[in-house]
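Okay, got some structures for you below.
In the two complexes that follow, subunit A is the common piece, with subunit B as its partner first and subunit C second.
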Partner chain A sequence: MAIRSFLFLLLLFFSSLNPILSLYEDQVGLMDWHQQFIGKVKQAVFHTQKTGRKRVVVSTEENVIASLDLRHGEIFWRHVLATNDVIDGIDIAIGKYVITLSSGGSILRAWNLPDGQMVWESSLQGPKHSKSLLLVLTNLKVDKDNVVIVFTNGRLHAVSSIDGEVLWKKDFEAESLDVQQVIQPPGSDLVYVVGFAASSQFEMYQINARNGELLKHESAAFSGGFLGEVSLVSSETLVALDSTGSILLTISFHNGKISFQQTPISNLVGDSLGPAAITPSSVTGIFSLKVNAITIFIRVIGEGKLEVLEKTNLKTAVSDALSISEGKQAFALIQHAGSEIHLTVKPADDWDGNLLKESIKMDRQRGLVHKVFINNYIRTDRSYGFRVLIVMEDHSLLLLQQGEIVWSREDGLASIIDVTTSELPVEKDGVSVAKVEHNLFEWLKGHMLKLKGTLMLASPEDMAAIQSMRLKSSEKSKMTRDHNGFRKLLIVLTRAGKLFALHTGDGRIVWSHLLQSLHKPQACQHLIGLNLYQWQVPHHHAMDENPSVLVVGRCGPSLDAPGVLSFVDTYTGKELSSLSLAHSVAQVIPLPYTDSTEQRLHLLIDADQHAHLYPKTPEAIGIFQREFSNIYWYSVEDDNGIIKGHALKSKCTSEVADEFCFDSRELWSVVFPSESEKIIATVTRKLNEVVHTQAKVIADQDVMYKYLSRNLLFVATAAPKASGEIGSVTPEESWLVAYLIDTVTGRILHRVTHHGSQGPVHAVFSENWVVYHYFNLRVHRYEMSVIEIYDQSRADDKDVWKLVLGKHNLTSPISSYSRPEVITKSQSYFFTHSLKSIAVTSTAKGITSKQLLIGTIGDQVLALDKRFLDPRRSVNPTQAEKEEGIIPLTDLLPIIPQSYVTHALRVEGLQGIVTVPAKLESTTLVFAHGVDLFFTQLAPSRTYDSLTEDFSYALLLITIVALVAAIFVTWILSERKELQEKWR
Partner chain B sequence: MEKGKGVMGSGRRWAVDFSDNSTAPSSRDIPDPPGFSRASMDQDDSAVSRQKKDAEANWKAQKAWEVAQAPFKNLLMMGFMMWMAGSTVHLFSIGITFSALWQPISALQGVGKVFEPYKDNKVDLLGPKLLFIALNLGGLALGVWKLNTLGLLPTHASDWVSSLPPAQEVEYSGGVIPL
Partner chain C sequence: MASIPRFEPVTLLLFVLLSTALTISSGSGDGFTINGRVRIPQGLGTKGFALPGKISNVKVILNGGQNVTFLRPDGYFSFHNVPAGTHLIEVAAIGYFFSPVRVDVSARNPGKVQAALTENRRGLSELVLEPLREEQYYEIREPFSIMSVVKSPMGLMVGFMLVVVFLMPKLVENMDPEEMRRAQEEMRNQGVPSLASLLPGGGRS
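Take a look at the complex of A and B:
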């Protein structure tokens, strides 16, 4: 009855609810935080002229161009390009424009250096696809203009850097020319274009940079062929490898005369060590070679003679050359030695004459140095100082100067691939967390200030103090669990294979852990397909255990590559254990069972359809055996258009006895006709979703029973022709089919065709409904559809007396094999935005109404009430339906500007939205990630179960005190009066 | 018997009992005045007092019936107020409904007390009491009916299943698109 009265109150509440959930300006940053990142740096160009702020312009693997402050590493400006607009090269021209070449060399843009505004954009076309190269000719001045030379798509362009106009262009017709370098010899108007043709022909073109005139064309054949990268050792000498990778070729094209010098690598290093690879760099006279794990530095001494300078097996990274004075070049070299890195800056002409040698302690969790960028500055004593920007294995960016790390950026967080959450430790007695707590006086002062604010007595300074107090509240960033469950750890896994724990209160990094065990070269060569699962979530009886997560990866691109597992403690970030598996990992299935220490049972399916049970304990196998016949799984083969269902059969029949391995058999398969349908999206319910009730009370006290099976799969297929871009097909040859499939029996519960529609489909499945988004070609608009599924076989269970006495079978376990009769209701609406991601709010008990969280194309998150996507909406709802909260039907879903969860911010490069329930039923935590991170709390039906943050406790307290005082005073007065009455 | 205390209930603030029938002068503190004979007076007044008693009993019975009929007016007024309150759930209608439920219940609890003043061995109170109870039950029924029209009575299936947890599933099927 208590619940019913509660629900009744809730209903009362809803009836007064208006759907807008917005935020006041001063509430920004109270419960939300936003962090900006750029991703792994690919290329960096320094801009450190004497005047103006010192900055570095970088391009990254997340397609970001950013200008960073060299002093603090902050972002001055940043642009996130589209995912298909990959940046090929950046440079600075005429001291004020950043030139970027992107989209496979077809778009050249100039950005204003101080503020990042785009100045011009040129589209460069060419006859064929090729490597794209960008070269800014700084010493060729034409009317104060720098000419930008771009080689792209088999064509050489010269572009004016002032307005982006193409000055001249030159095609290279040679059908198979593979251009390797575009070189400008210093102090000349010439440009060399060198490349390989037909794999054994070396081609050299000499071009006048002023007008594009072809001055000379030479070619020479080398029978051995060429392999991989080339390294430029002078403006007229190249070093390349022959096709076997064992002979070094020094190619000189001085004065248009091409000559080859061959030097077998074994001559240089004594014995053959295996295939070599040239590390591309641009240091005059020196190049480096990687043979296995050994790095060899070789100098070219005139006429193709080679000399080995150093041979080292330390992990080494080299920067490009930096010209420090007339004709002098320097470069930086970083070597790993234990927990330190050694930075050496050497002049190009003298290997042993170090300009700088420093040792810097480096956090092991950052891994190896991947890239080095060097820059110099002039010290007060007129000598040269060097600063070095390094990119680490975990994608972080650090600036080293004078033997110290000046700043560091955790840009690995720009490429999150999986997210899960963990609770914080419980507050223990004796642990001095109370230190963070304000003392009583502070508390009272704070509340007095707030009271002043509410009574509008506060001065502007007071207001500022209130605001900063609210923002800096130590309460939200404590390292212990809170009563409302707002404080949690977000465990995120980045593409670099690093785990971060972020505090939900302020987004700071609590710990980070590079999965070393997965990165060991002997264990795993190319680690891919990482995923994160909750391994152990202790509550109730296993409270003293720390929670842990499971990271699953695969060593190599093929499906048969062996898998690796790593278990990480989420309180400390320490790796508990790691396993290199003998079998492959095709699928990971978390089972709904846990053992006595709250470790979740996981089933790992390998490529041969064997199921492996983890953890490998007798207890786990005991639990598993009990449920053996009830465990199924399905696999989606989207290439073949087949969905298959499997069941477990028996223990593995391999030569090695393994009691944790099980054979499986195929139960059913759904085959989509390949000529008419192609799977484009599948979605299921979240495993941890909580549903409060199976009944839905509709108008006039009627009941509908939701079909709440966890084993439902939503599949969307589209016509194969229509799986391309929007608009590439006519409406007649395009269709979209949505299915609801029971994954235990393979039964198709519902099928609906949308004619004239096409993908991409974004869908979300929750409770008994699925919402999906697609494009309608007939009306040229995006649409969203909802399907709700109800259990018709229970619809007759409406006898009140049976229900009162509990003589019903509504809560008895149900089986998919009982073939429940279902009905579906669906409706479609237009929607203005195209979207990147869609999610739904989830709360602790599932009572609160739901909101859809829509990641729009503008990288914002929009909250849309599920009530707008209710298939029972009609144009003229009856009075009873209105009371129930049904909104009159409109053809367009409204976008209320106030319901943007991200308010004024953008989550650049939005990839995913994760919702986590807080302990407080009304509230859900939302984490959106992309290049940026954004976190906030949402209350889809408002915070009906708690007082708002700005509730004035002081006012309440004072009111109570005043009331009590008034009671006493009036009591005394009345006593006195009564006495006087009696004496009269 | 205490003097100065009303025995006839409402309308009489005090009374002196002149009908002291005791014959023994020794039982009184004050001796009878000279020439006063108790025996003769008794015989004179007996007829008058019987008449009085009958009148009183009649009056009591009449009053009891009046009291018994009082809830009827209440009932009418309640009905009017309920009609005014409408059938939507809000503070006013809930307040009226609950008072409509509470009044008959409290009245029924105090049935004995209400009819106490009219207790007399000559008056038959069963009739008025039954009427009183019946009318109050009618009021109660009206309240319950109002409660039902407001939809606050668990008479529908929806009231019993609205918090029914989802049924457990026997089978479990998992799987995702391959990594």
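Take a look at the complex of A and C:
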């Protein structure tokens, strides 16, 4: 009895080790990494006058405002604004505030320069929508205050930079006034507002900057009309183009007198080259013109006389003017020549008197220079030095100084559009493990240190040594495959059309590749990268081939623009080949078939619903013909509210014989009534998902069969009125309908209506369940619902006798055409936060229980056990159900702070969460991307199949030694006792 | 972990003085302005682990991301140009858990405040948002104790061995030989492999 009770106690001890997912603070950075980015810089303002920290304030296309260290390129502070809060302009006022104008000119904010704290915020309204312009009047001081002049929404505002108070405002009544520039002539209290009205009228207003009084209003008509941008060449002269784009207009409004001077472009450059465009710049007396690929620099010599300074067909980028001393200006010019870029800094008044001329070797993978920002500093010998910040085609940011790249930031990674993974190369036999491993003594020393750490005997120095030892473990960043499959390459495609390979161990860039083929200017003007697919993953055959990915792109924004394919080797980052397609790409379907070299077959559907097979090999067509009748796909037309199912029909019947092109036929269509339903979300299962078992054993020894069809589609529709923002509709006129549709037959398997609810809907589909998140207007809270779908036709298979007698239907083929008898179970819960993204963990064999990964509005990622979203939860579960692990029903899903996988970090601007199974069944790799990147390993049911990182080998050794010693002691004792008994 | 924010009398007084401003005012043009304040009581966030999130990193979010604004140094925030209707305000601050707040902006009587926490349906008289609780993102390492070693699998192993070696013979010795035999028989009948028979001296005495 005693023994049994003891064993029971032992069991109790083990079971009391509570399995919750959490992290100790000193484990941060062991398995996870976090990288911060800002995105493609739009505008930069330097702040280097004062002694102390030199910084540059930038605004980016990801709506980030950030202050960067000019020495190292690190981020001092950063704020990510809302996606619709686009930054229009930034500047620095009174030396300590950063002023930003955003949201189409309606929000003006000031941020404290040292720490990024918002100081004030003003809302600026106006009568109509217009261009928005920001101008800080630095030389107009009113009680130590700089006045910020903002032209927005057809109204001119003067705002105090200390507290954001609007000092005065002035409306411009002229209906069609299109304001181009707000100008302050140096050293005056005046502000000029110039613009075009009614497309042929030039208007000029002269305003007193102190009180907003209109001093002068002049207008003049020009019959030719105006086109595009204007360039300011002095405080009282503008250059514009007429509506045909062939005549240059010099408009001067000196002393309120407007005069036009016309110069045909052909007079300047000899022959007509085609339509021209002015590149806006602010260099006094000089402007640049782009005609086709040629850049022309032109100087304005008083009275509208123009003079061509330089004509070049090199790719050129020009900075704004920088005033270096009293009345002197300089600007930077960057030209591409082969693998080098030439940086020249020229004074505005002397084209040939270069202040600086440098050549810098530039990585071809960075592409062209898109933007240049110049800043100067005074060297020790009191001469001027220049530093230049450049933004490249791949969105990276570089600082050039003294002919060198001082630092660079890979900010292209802030706009990832697709992610896939690739295995690393297998370790070569030549490299022995022993060489990499420490010798035994080192290894033991490390473990002794760790033991001291766990026993809390370690001194602070020891602790620091332990921490550094754990963090820089070379093991995790090796360039070879590991047993557990933790080390992989994350292949990401950015919006700039660049591929990066990131190592999962530490997040470093292994290689990067700007898709050059996509950048041949003749073939493809505006390439848009679309998607990444795993093209070739050798694991059984063709082992000597490197894995490769397929990049699908499109030339131009319209859906019927021709597509581009590129194949990239994932070990080296070299492009293997590229194809410019004759057809468009509307949809890419990776087929579950591979050829003998393990190239995956892909079906590209074009805008006319023709299917094109890749790779174009006879072998592929052979495989494809065999599966011809088993290929189905669907298409969603959001605008019309139609979902269509398609299948293949026959070879294309076009005039050009193409055996890889197939016609399709429409099988079915589901039309949603446009007056009551609008499609707001569609989700399917991940193609590569692995499901371990079809059966689910429930409490009373009963079995339920999951309905595991790969062809299920979850569709959410909402009332057209309710597809807008929260708060715009009443609960009575909004509803949300969720459907489960079979995409082979078009059959609606399940339909549920949530009255009084609205989008946005975020959903995730896995195995036989779908979880979706929406807003309930009646209680004004977010809700999450789960639908599980079970197969009833297999319900009688659990009879053992039928199995024995062979009367079961387990071997009957599963077909979507057989009418499924399904039952669904569903349940809803409240959830606190808004969502940005939702995903589910995936493991190698699908045995480990699942967790939902929820990207919250606060840019954190929360792991929530799927057991909380189980439709079989009830308020009072029976004993049997409790044993099965069913949690008593609560109306709110719990948020346990320790289960935030991002712990105390934020993935700013969160866009997507990607999970990749590791080879170890218990573990899944999680990659969250947005403006920031975050990567970690996750074990949803703890690492049951391996020892954790903090497992103490030393303690194990000590225990074994102690046990062996104890065995000897007891053996000796028992020998002695036996001897004594024998003597008795 | 869930500590309830306490009001010290001084701050409460201050807070009443500050909150005289209207929460919702009709703005120029087509919308209204929602003014509010986020207040993180002192005393929270000073407990060791949770990183006291800097006030400059706190975001206030309207309707799930439609508008995002930041806090002024005194904790005030405002949303401009908000149409009449029922809205949802969320506060994102690292280290704190805030309940979303529903705010009713009524076109008929501008200036009227209608705000309630959605988590516990508590009404707010003023739009002053306070964290419901602090969030600890990390497990706290327990200080070394002899119990933790004993509880570890290795400790249990050693403990089990000690029990078997030293206590078991004692138990067996104290037993009546008759009873012992009966117990053994019983175990044999049950078919459970008897641990006692493996013990030294167990079968003999």
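Just so we're on the same page, the second predicted complex is superposed on the first by the 911 of 984 C-alpha atoms of A that agree within 3 Å, B and C clash if a C-alpha of one lies under 4 Å from a C-alpha of the other, contacts with A are read in each partner's own complex, and residues count from 1 in each chain.
The criterion applied here is as follows: contacts are C-beta pairs under 8 Å (C-beta built on N, C-alpha and C of every residue); 3 or more make two chains touch, one makes a residue touch a chain.
What you are looking at is a predicted structure, and each value in this text was computed from that prediction instead of being measured.
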Contacts of A:634 with subunit B and subunit C, given as first, second, both or neither: first
Subunit B versus subunit C as contact partner of A:294, first or second or both or neither: neither
Touching partner for A:691 - first (subunit B), second (subunit C), both, neither: first
Partner chain in contact with A:277 - subunit B first, subunit C second, else both or neither: neither
Partner chain(s) touched by A:727 [first = subunit B, second = subunit C, both, neither]: second
Partner chain in contact with A:623 - subunit B first, subunit C second, else both or neither: neither
Touched partner set for A:314, first subunit B, second subunit C, both or neither: neither
Touched partner set for A:116, first subunit B, second subunit C, both or neither: second
Footprint overlap on subunit A, comparing subunit B with subunit C: 3
Residue ranges of subunit B touching subunit A (in the complex, touch as defined): 89, 151, 154-179
Of all residues in subunit A, those that touch subunit C in their complex: 2-3, 6, 10, 13-14, 22-26, 28, 77, 79, 81-85, 106-107, 109, 115-121, 123, 125, 454-457, 725-728, 760, 775, 777, 779-782, 832-836, 856-860, 892, 895, 897-898, 900, 903-904, 906, 955-956, 958-959, 962-963, 966, 970, 974, 977
Contacting residues of subunit A [partner subunit B, same complex]: 3-4, 7, 12, 529, 531, 552, 554, 559, 585-592, 603, 605, 627, 630-636, 638, 645, 682, 684, 687, 691-695, 697, 701-703, 705-706, 708-711, 743-744, 797-800, 803-804, 810-817
Touch list for subunit C against partner subunit A, complex: 1, 27-29, 33, 49, 51, 54-56, 59, 61, 63-73, 78, 80-81, 83, 85-88, 90, 92-95, 97, 99-100, 102, 118-119, 135-141, 143-144, 149, 151-152, 154, 156-158, 160-163, 165, 171, 195-196, 200-201
